[in-house]
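What follows is a pair of complexes built around subunit A, which joins subunit B in one and subunit C in the other.
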Partner chain A sequence: MIDLIAALLMAVAAVTSIVFTYLAVVEKNLIQAVVFSAVQSTMYALIYFLLMAPDIVLVYLPVGVGIYPAIILLLIKKTDKVDE
Partner chain B sequence: MKVTDLVVAASIVALALLLSYAMFLGGIGPVPVRSELRTLALNYILLTYNPAKIIYSALAPEGVTAIVWDYRGLDTYFETAVMFLAIISVVALTHGCKVRIGLGKGGMSLIVKTTTRILMPLIVLAGVSITMHGWLTPGGGFQGGATIAVATVLALVTYSIDTLAKHGIRKKILLAMRSTGLIGIALTAVALLIIGLAVGVNAYIFQNQERMGSPLAFPAYFSGTPTGGSLLFYNLFEAFAVSAGLSLAIIVTSLREEEVKETLRGEGVE
Partner chain C sequence: MSELIIPYLLTVVFVSFVINLVIALYGIFARPTLVKKIIALTIFSDSLNSLAIFVGYRVVSGRVPAPPVVVNYTSPQGPAQLAKVTVDPLPQALVLTAIVIGLAVTLFMVKVTMQVHRIYGTTSVRKLERIEHGNKGEEDEGVVE
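Showing the complex of A and B:
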């Protein structure tokens, strides 16, 4: 039963991550694209947690949600905010 | 968001679901059965903390850290070196750029600053905790170091780069910390080898506990708690190196146009 719930949660997280990846690719506003990408990272972190890989979760959360969006946002600040 | 966007997203999701269903039915290839543990995995699980077979054991209950820093230590060392190289190149691009105090507006509002002041010690504490339990629970040097670097990101965004520079978080200091961490890892890797050469006993590079033909070992317990021997030092130095390195990358990318322009044009450099 618990296995089934974990598998279902993983499926939901995986499907959500696909949607957000697509949104991050097509979004013209780069700041929103970074936020979509961060949501996708969070979904991946959830999948890693459900796959019983807590070591990867602990590194994926600070890097995927903290440092990577921060660096991209700092770089966007130096260029245009909208991709034409 | 247009209707076409939704249609494309839905079709990508449908493709992924169909592919996974085909995989589940075995259409793409045989699916490994989950309940079976491979011999290699079983060996690591049985030997990672096994005082009866010390010559194969890392004496650390956390298998992942034991594999990363003991059984496969050399791989991890070169990974760390690659990341160090990346950060060196980022720093080399902005060589000679200095933070000029007074260019920005001085950060966000008082509310955000106060909240950050409360949150930052907690983030650093969580990072230290992840690092210092790396050989007992999931986590380790890289995880802890990355968490500590998030505190720097938060401080940079809310307080501005000027405040960081005033408090001594500068490029040179961070680079020195980063190098200290990497040198520490290298020294830990050859520590037993040097002792072995001095005493005249056989020893190996990246040796943790007693190995075949070598009686030397790092202390495996501290007041009754397992320390994983060399894993303690590796985790500490790695956290040091990673937190300083990632903070450095963030600070360098947040340098302002006025500070970088002269160097990029080639002025002001001898």
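Showing the complex of A and C:
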């Protein structure tokens, strides 16, 4: 039963990550695109936890949700705000 | 019943990773702004890492497999027990390295994009191409004169 719930959560997180990947790619406003990318990273971290890789979660969560959006927001602040 | 549903759900996860790969490739090739290309490239590398971890996953009947980092395998029977109850630890070790290397590569690309914006005043590859063609045209005229 518990493995069924884990697989179900994994599938829901994977389908949600498709939605946020699509939104991050087509979004014109780059700041919103970075936020969508961070949400997609959160979904991936949940999938890693359910795939029994807690050490990956400990590395990926600060990198994917913390450092990537931070440096890309710095880049957006110094360059263009809008995708054409 | 769960023997039928769990492979289906895991297939959904696998196909989602592949679809994410395709969308990220579209973002890398079709969107003009370099910042958007960097965002799509991080999504691309994360999807590839997820596929590597997914390959190492193993279904243990009736329960969830244990994570390899919490199993004590220092006893003589340790490796056999590790292989019986946990997922494959090798892809996880590789992906841990790949995430850190990807962070370094992304920082390098961010710095290069900042320099491009400082020199040319734009991060759109279409405008950059126009600027590059304009410069080449002037140089050719100069050679003719």
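Here is the rule we go by: the second predicted complex is superposed on the first by the 84 of 84 C-alpha atoms of A that agree within 3 Å, B and C clash if a C-alpha of one lies under 4 Å from a C-alpha of the other, contacts with A are read in each partner's own complex, and residues count from 1 in each chain.
Throughout what follows, contacts are C-beta pairs under 8 Å (C-beta built on N, C-alpha and C of every residue); 3 or more make two chains touch, one makes a residue touch a chain.
Since this is a predicted model, take the numbers as computed values, not measurements.
Student: What is the contact status of A:K78 with respect to subunit B (first) and subunit C (second): first, second, both, or neither?
Tutor: Touch status of A:K78: both partners.
Student: Scan A:P54 for contacts with subunit B and subunit C and give back first, second, both or neither.
Tutor: both
Student: Using the superposition described at the top, determine whether subunit B or subunit C touches more residues of subunit A.
Tutor: C
Student: After lining up the shared chain so the two structures overlap, which partner does A:Y68 touch, if you call subunit B first and subunit C second: first, second, both or neither?
Tutor: A:Y68: touches subunit C, not subunit B.
Student: Once the structures are superposed on A, label A:V19 by its partner contacts, choosing first (subunit B), second (subunit C), both or neither.
Tutor: The first partner, subunit B, only.
Student: Tell me the contact category for A:A33 with respect to subunit B and subunit C: first, second, both or neither.
Tutor: A:A33 contacts subunit C only, not subunit B.
Student: If you lay the two complexes on top of each other, which residues of subunit A touch subunit B in one and subunit C in the other?
Tutor: Overlap of subunit B and subunit C footprints on subunit A: residues 11, 14-15, 18, 22, 54-55, 59, 63, 67, 71, 74-75, 78.
Student: If we count contacts the way the header does, which residues on subunit B are in touch with subunit A in the complex?
Tutor: Residue positions touching the partner: 5, 8-9, 12-13, 16-17, 20, 64-65, 130, 138-140, 142-143, 146-147, 149-150, 153, 156-157, 246, 249-250, 253-254, 257.
Student: Where on subunit C does subunit A make contact in their complex?
Tutor: 2, 5-6, 9-10, 12-13, 16-17, 19-20, 23-24, 26-27, 31-33, 35-36, 38-40, 42-43, 46, 50, 53-54, 57, 59-60, 62-70, 86-87, 92, 95-96, 99-100, 103, 106-107, 110, 113-114, 117, 122-124, 126
Student: Could you list, by residue number, the parts of subunit A that touch subunit B in their complex?
Tutor: 11, 14-15, 18-19, 22-23, 26, 54-55, 57-59, 62-63, 66-67, 70-71, 74-75, 78
Student: Can you name the residues of subunit A that touch subunit C in the complex?
Tutor: Touch list, subunit A to subunit C: 1-4, 6-8, 10-11, 14-15, 17-18, 21-22, 24-25, 30, 33-34, 37, 40-41, 44, 47-48, 51-56, 59-60, 63-64, 67-68, 71-72, 74-76, 78-80, 83-84.
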